[in-house]
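Each of the next two complexes has chain A plus one other chain: chain B in the first, chain C in the second.
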Partner chain A sequence: MNNYRKYFLKKGIWYILTLVIALSLNFYLPRMIKGNPVDSILSKYKSVGNTDTRKKLYETFTKEFGLDKPLPMQFLIYLKNLTKGDLGTSIMMYPKKVNAVLASALPWTVGLQLPAILCGWLLGNVLGAFAAYKRGVYDKIIFPISLFVTSFPFFIFSIILLYVLGIHFELFPIGGGYDYNLIPALNFEFFKSVIRYHTFPFLSIAIVMIGGQGIGMREMALYELNSDYVKYSKFLGIREWKIIQYVFKNAMLPQITGLGLSLGTMVSGALITELVFNYPGVGTTMFAAIRNLDYPLISGCTLIITLAVLLSNFIIEILYGIIDPRIKSAQLEDS
Partner chain B sequence: MLAGCGSKSNTKSADVENTTKTGETTTEKTQNEKTAAENKTDDLRKETLFITGLEWGPPSSFNYFTGVASFPVNNQNNMLVYETLFMYNGLSGEIEPLLAESYKWIDDYTIEVKLDKRAYFNDGEPVKIEDVIYTYELGKRYDILWSSLWTYIDSVESKSDDTIIFKLNKKDYNILAVTESLTNVPIHPKHIWEKIEKDANYDISEINKFFNESPVASGSYKIYSYDDTKITLVRDDNYWGKSKFGKLPAPKYITHILFKSNDAASLALKRGDLDYSQNFIPNVWKMWEDGAEVRTYLEEAPYYLSDSMPSIYFNLSKPGLDNPDVRRAIAYAIDYKKIIDIAMNGYSDVVEPALTVNNELESKYIDKDAIKPYQWKYDVDKANEILDSIGAKKGDDGIRVLPNGVRLGPWKLECPYGWTDWNATLEIIQQSAKKIGIELETYFPEDTVYENDRNTGNFDIVMSTPADVITPAQPWKRAHDILSAKELPPFGEQAYWNFGRYKNERAEKILELIPAEKDIERLRKLYTELTIIYLKDIPTIPLMYRPTYFFTVNESVWTNFPHENDGTGIPPYCFDGAGIKSLYNLKNK
Partner chain C sequence: MRSSLYILLKSPKFMIGVCLLFVFFAFIVIYPMINTNDPLEMVNMRFQPPSSKNILGTDGFGRDVLLEMAHGTRTSLTVGVISGLIATTVGLIIGIFSGYRGGIVDEILSSLTNVFIVIPSFIILILVSVSIQAKSVFIIAIIIGLTSWPWTARAVRAQTVSLRNRDHVNLARISGFNTVKIIVFEILPYIMSYVVMAFIIQLASGILSEASVSMLGLGPSNTISLGIMLNWALLQEAPLFNAWWTLIPPALTVALITFSFYLINLGMDEIFNPKIRS
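Take a look at the complex of A and B:
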């Protein structure tokens, strides 16, 4: 076990190194885009005609965002603030703090994506395994439907859902995070409304996910079902459910990688879903930040994505070891 | 105290929002109780006016100092929360009393304004002369939205407890800028902002960080709640203006929904989830053809009243484009009708080149017959004729070359990416120019790149709308933004008007004379002369007329919005200037 801990310590150092590199890329890349963010603020000052006033405003903002300092210096200030948990002030939503912008958008994104990804993943895998194992009529139904659903472009699926179920049959509200008449509060009415408005965007993500996962699982399970150890187990007369357990465990590995990556990147938001269903979240915030060269906000968003991806990868590595002893032994050898 | 900004959804605390419909004070309720009691959605729908198109992102602050605050503080003319002394009526051209009762000219350099003594802020404090003087002087102390005004004002003083005297600068004499200020300087309560200033140590960047979550102001609405999806205002049932207008505005709540796409907003309007939209809606007539109770200000095309002119600016330092004949040829080559039909969905008349928009308010300043010989219209033959006459011969590639060897193109035609109607307009100009042997290339960068290019002069031809604000200072403001080189930063520095850096001494002189003139006949002469200079030199080409606010309403919940010939004289917008009067006329269906 000591070796195992050493292995993760070594891995941890690598992860921290990756984080530092990612941090500098997150910082430098947006600043390489052509343009000046202060212009986007000042372009809104339509009523200020006086040149001196304009100039002074320009200088005030440039100084406030530290844009007058050399880039390496700006980076150091950014790192210093980061240690205090301060992501800076948003340029396009000045004077709002990046922390505040993300705090209001992130719960919507996680609330939408996490259940959708988990449900899609679970259902997809169960259906995929079921189809592979049962074959016959089940496979003939589940497989083509999954293929059909997953090969649909995501945004078209959202729009069709919106049009057919929302506009034509009026089953669910067509946009927004909750009923516009309500004020967010911890009460049943608001919760009910959030669930109602959640349905469409949730379905549009989950159904596509079910399709994709279902196909992946079916293929993996079919491959495993034909492998030597299954045949051998059958010869040995091992009980069927035990064999299925083996098969499922082995087929799961790539699926878990997929889940980890999905969970890691989910915080970047579902841009298309947010646009089509006018749903609050990080996706459109980040998109707007990039378009407005809002350096602190872009860096804030990418930081969260970086952290989430690294963290989920790290957890997957641990999970691998638990699920598959072969990997664990390889990891031990590594260290 | 400098408060941090609201991160989650923010609801008003009960001590601020503690009035009932009758204006009686209620006991404090917890937020949960309040929302539970008020979540009777059907009744609420009838009490709420749902609007869109004035704000696109989550609120950043409600602090005018920042200059980039959110609805309803995003526009100096918005009268819902903060109020000005007067309100401008863009339909009649009149300025109408709001916090003030009346104004008069004592002499050429002095305006006397009488304050309405009934006015008070929503914290119960009366609106006093000191508040007005304090607000104006904020612009003197800090660089804020009304700072430039102090070029034209010497002092703002009190004469009595309800009379203010504005003394104009004799050297930089500008009646228009000062009159405009009466309609767009939002009066701030001195007793509140003095403290904020002091806490911020009189540092503007610190004052800018004040979110102003519950503005103390004199308007008929207060901020009720806001989050990433909407901003809701609630009517102040103790509003002082009840005595002035005889009643309160009809909607108890005004909710501005923050849409993420134009399509989602159009869909909501069509379904009646929205009552009022200020967005550009393609093929708006299809909405009522499909049975929606949607209508526009005008019953027939062009459906909207226009008050601005999106134009292309030429960079006058570029060889080839510095030649007025080349610019004239381009002006003749553009198919304006096609732009209106394809890019603008027919929401505009074909533009008649001038410094003025083709409405009565502005046309009265122009002698149409005098400018007619200098105006252009779509005529490809004429364009070719002009280029032939200056010896611009076509090369092997079909592009003309001037006798001095300058090839007419390639020049970039620039506007922001994603502004689809503008993108289409520039595509049409590109095709038009090609027909006469001028090579143009469209270039659609991101907004920020475009703004920087435009302001610093890093462009060949750029599309922009000169002075697109509804103000009593029009059409002077537009003419200034097109022609004035006074105090204009050179190429390379940020300029916010006259992007092509046009310069003409006579035009400059006229631009100084107009705002000092009150006589309509003399103004007519000056504007006509200025327009002729403009039409001869062509520093810009107006492409279309366009409303500052598209006014489209769905009357399935609220009716009685202003419309053409309704006899009310209320302009087609509900929240700016005299447009707020429409809120008093609204009725539930």
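Take a look at the complex of A and C:
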């Protein structure tokens, strides 16, 4: 038990360090830009011609965004506000808070990505293991298709789905998160509409995931199938089903870390998918924020994505430490 | 070396990849010679369907899509090559240095690598692209290269660690070779095949990253790339005009180019990695 605690502690410290670096990048990079976000808000208030009023407005806004203090001081204030869950004020939708904007976008993104990534991952692994085990015709069909599908970036696949199934065959709606006539509410009709609009973005993420995971799993399973313990077990006459179980378990472990490490790439790709379907999630919000130079909102979006990726990675590593005794002992020998 | 080249030429995956790429190369070299117009010039009404005058129709500005594709593919490939070179070089240097030196240098560099593997590089790419306003193709390529080295660094480090205490390396060390010489003559040749493959993957993902940032509207200014074409098509709501020719050709081109690079990489993997050679 003590060993486990040491492992978790080490991982925990590790992730806190990563978090600090991520937070500082998130804070400092957008502030390297020349010019001042206040100017871009003031450009909206062109009607205010009076220089005195303008000056006053300028001062108020500078104060509100905390721009009158030196950068390191601003960073500390930023951190302090973060602990209170305050991400600042949006410029594009002034005076709406970034929190409020993100709070309405986040459920859409989570609802889209979590099921799609999990489904794609599970199905891909099963298919990959199947192809590796059966070889022959299955392998000849599954492998090239997976390879072709997975070299499509999520958003490219979305564009093609959008046209072939969406515009040409009009199977499912192609833009937005729900029917515009409906008001978001917890009733059956709204739910049905959400599912219908969910289909395309979901499919385009899940299918690409299946391909990528399938290829990884196939490679791992082939490697395990050729290993000595499998041959030895066969000589011993252990039942085939039992051997497959061993192989699957061993090939699965690297796939779990693989999921954690490539999560960042997947989430980013899926964000662009939202754009193609105009899905009301974080990706589309970020797109709008970038067009309007809404820096607080942009860094709010990037922050929330980074946090989500870090958190899921942390969870996966902890799970991994519990599932795979080899990793834990290796980690402990290192230290 | 000659024999592996020979096997490579017989590998169907490798050859299909190379042929596909060659088609695109021929297109971007030859087509601008035939059609010497400025790709940014408006030649027709907006969203005109494909016709004999404009083979792939026109986009929302009334520009010729096929001509834009030729110039856009060239930009995308340029970004891919430059960012791939930078990412591979940085990854190689950090990986070898950290793996060969070991000790505290290794600790620091590996930690740095791990931190940047976990923080999504696409997010850093967005943050940097947001903060630089006027971007040339080269700047975009450099930013992409500088954000995508961690994977290469990690793999190169692992391989260097396993090579560090091999007999031939020890022998070179006892013979009084200096570190640079040992790295260049005793370690690099063993990881070179891996580095070349890593470069190909980096190149492909560089093209994807460019397409992704450009789609968000953060791409290079005053030029055309495949991602920028997609960005325009989405901004001008091409789906509403049923203008598939503004979205599908650039999207497919990105996918086919990355596909051919993956195929080349797989073909090479089968040659250099005897374990999976069938």
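FYI, the second predicted complex is superposed on the first by the 304 of 335 C-alpha atoms of A that agree within 3 Å, B and C clash if a C-alpha of one lies under 4 Å from a C-alpha of the other, contacts with A are read in each partner's own complex, and residues count from 1 in each chain.
Criterion: a residue touches a chain if its C-beta (ideal position, glycine included) is under 8 Å from a C-beta of that chain, and two chains touch if they have at least 3 such contacts.
None of these values were measured; they are calculated from a predicted model.
By the document's definition of touching, of the two partners only chain B reaches A:Tyr58; chain C does not. Look at A:Phe130: by the touch rule set out above, it reaches neither chain B nor chain C.
Contact with neither chain B nor chain C is seen for A:Phe8 once the two complexes are overlaid on the shared chain.
Touch criterion met: A:Trp108 reaches chain B, while chain C stays clear of it. After overlaying the two complexes on the shared chain, residue contacts for A:Arg291 are found with chain B and with chain C alike. When both complexes are overlaid on chain A, the residue A:Phe75 reaches neither chain B nor chain C. By the touch criterion defined above, A:Tyr246 lies against neither chain B nor chain C after alignment on the C-alpha atoms of chain A.
Residue contacts after overlaying the shared chain place A:Leu275 against chain B and chain C alike.
Looking at chain A, you'll find residues 34, 167, 174-175, 275-276, 291 touch chain B in one structure and chain C in the other. Those residues of chain A that touch chain C in the complex are listed here as 14-15, 17-18, 21-22, 25-26, 29-34, 147-148, 151-153, 155-157, 159-160, 162-163, 166-167, 174-175, 219, 222-223, 226, 261, 264-265, 267-269, 272, 275-276, 286-287, 290-291, 295, 298-299, 302, 305-306, 309-310, 313. If you check the complex, the residues on chain B that touch chain A are 4-9, 11, 31-32, 34-36, 38-39, 41, 44-45, 48, 50, 57-61, 63, 66-68, 76, 143, 145-148, 151, 184, 204-205, 208-211, 224-225, 227-230, 232, 255, 257, 259-261, 264, 267-268, 271, 273, 445-449, 451-452, 455, 467-469, 480, 487-489, 494-497. By the touch criterion given at the top, residues 34-37, 39-51, 53-58, 60, 63-64, 90, 92-97, 99-101, 103-105, 108, 167, 174-187, 189-190, 274-280, 284, 288, 291-293 of chain A touch chain B in their complex. Put simply, chain C touches chain A in their complex at residues 111, 114-115, 117-124, 126-128, 130-133, 204, 208, 211-212, 215-218, 230, 234, 239, 242, 244, 247-248, 251-252, 254-255, 258-259, 262-263, 266, 275-276.
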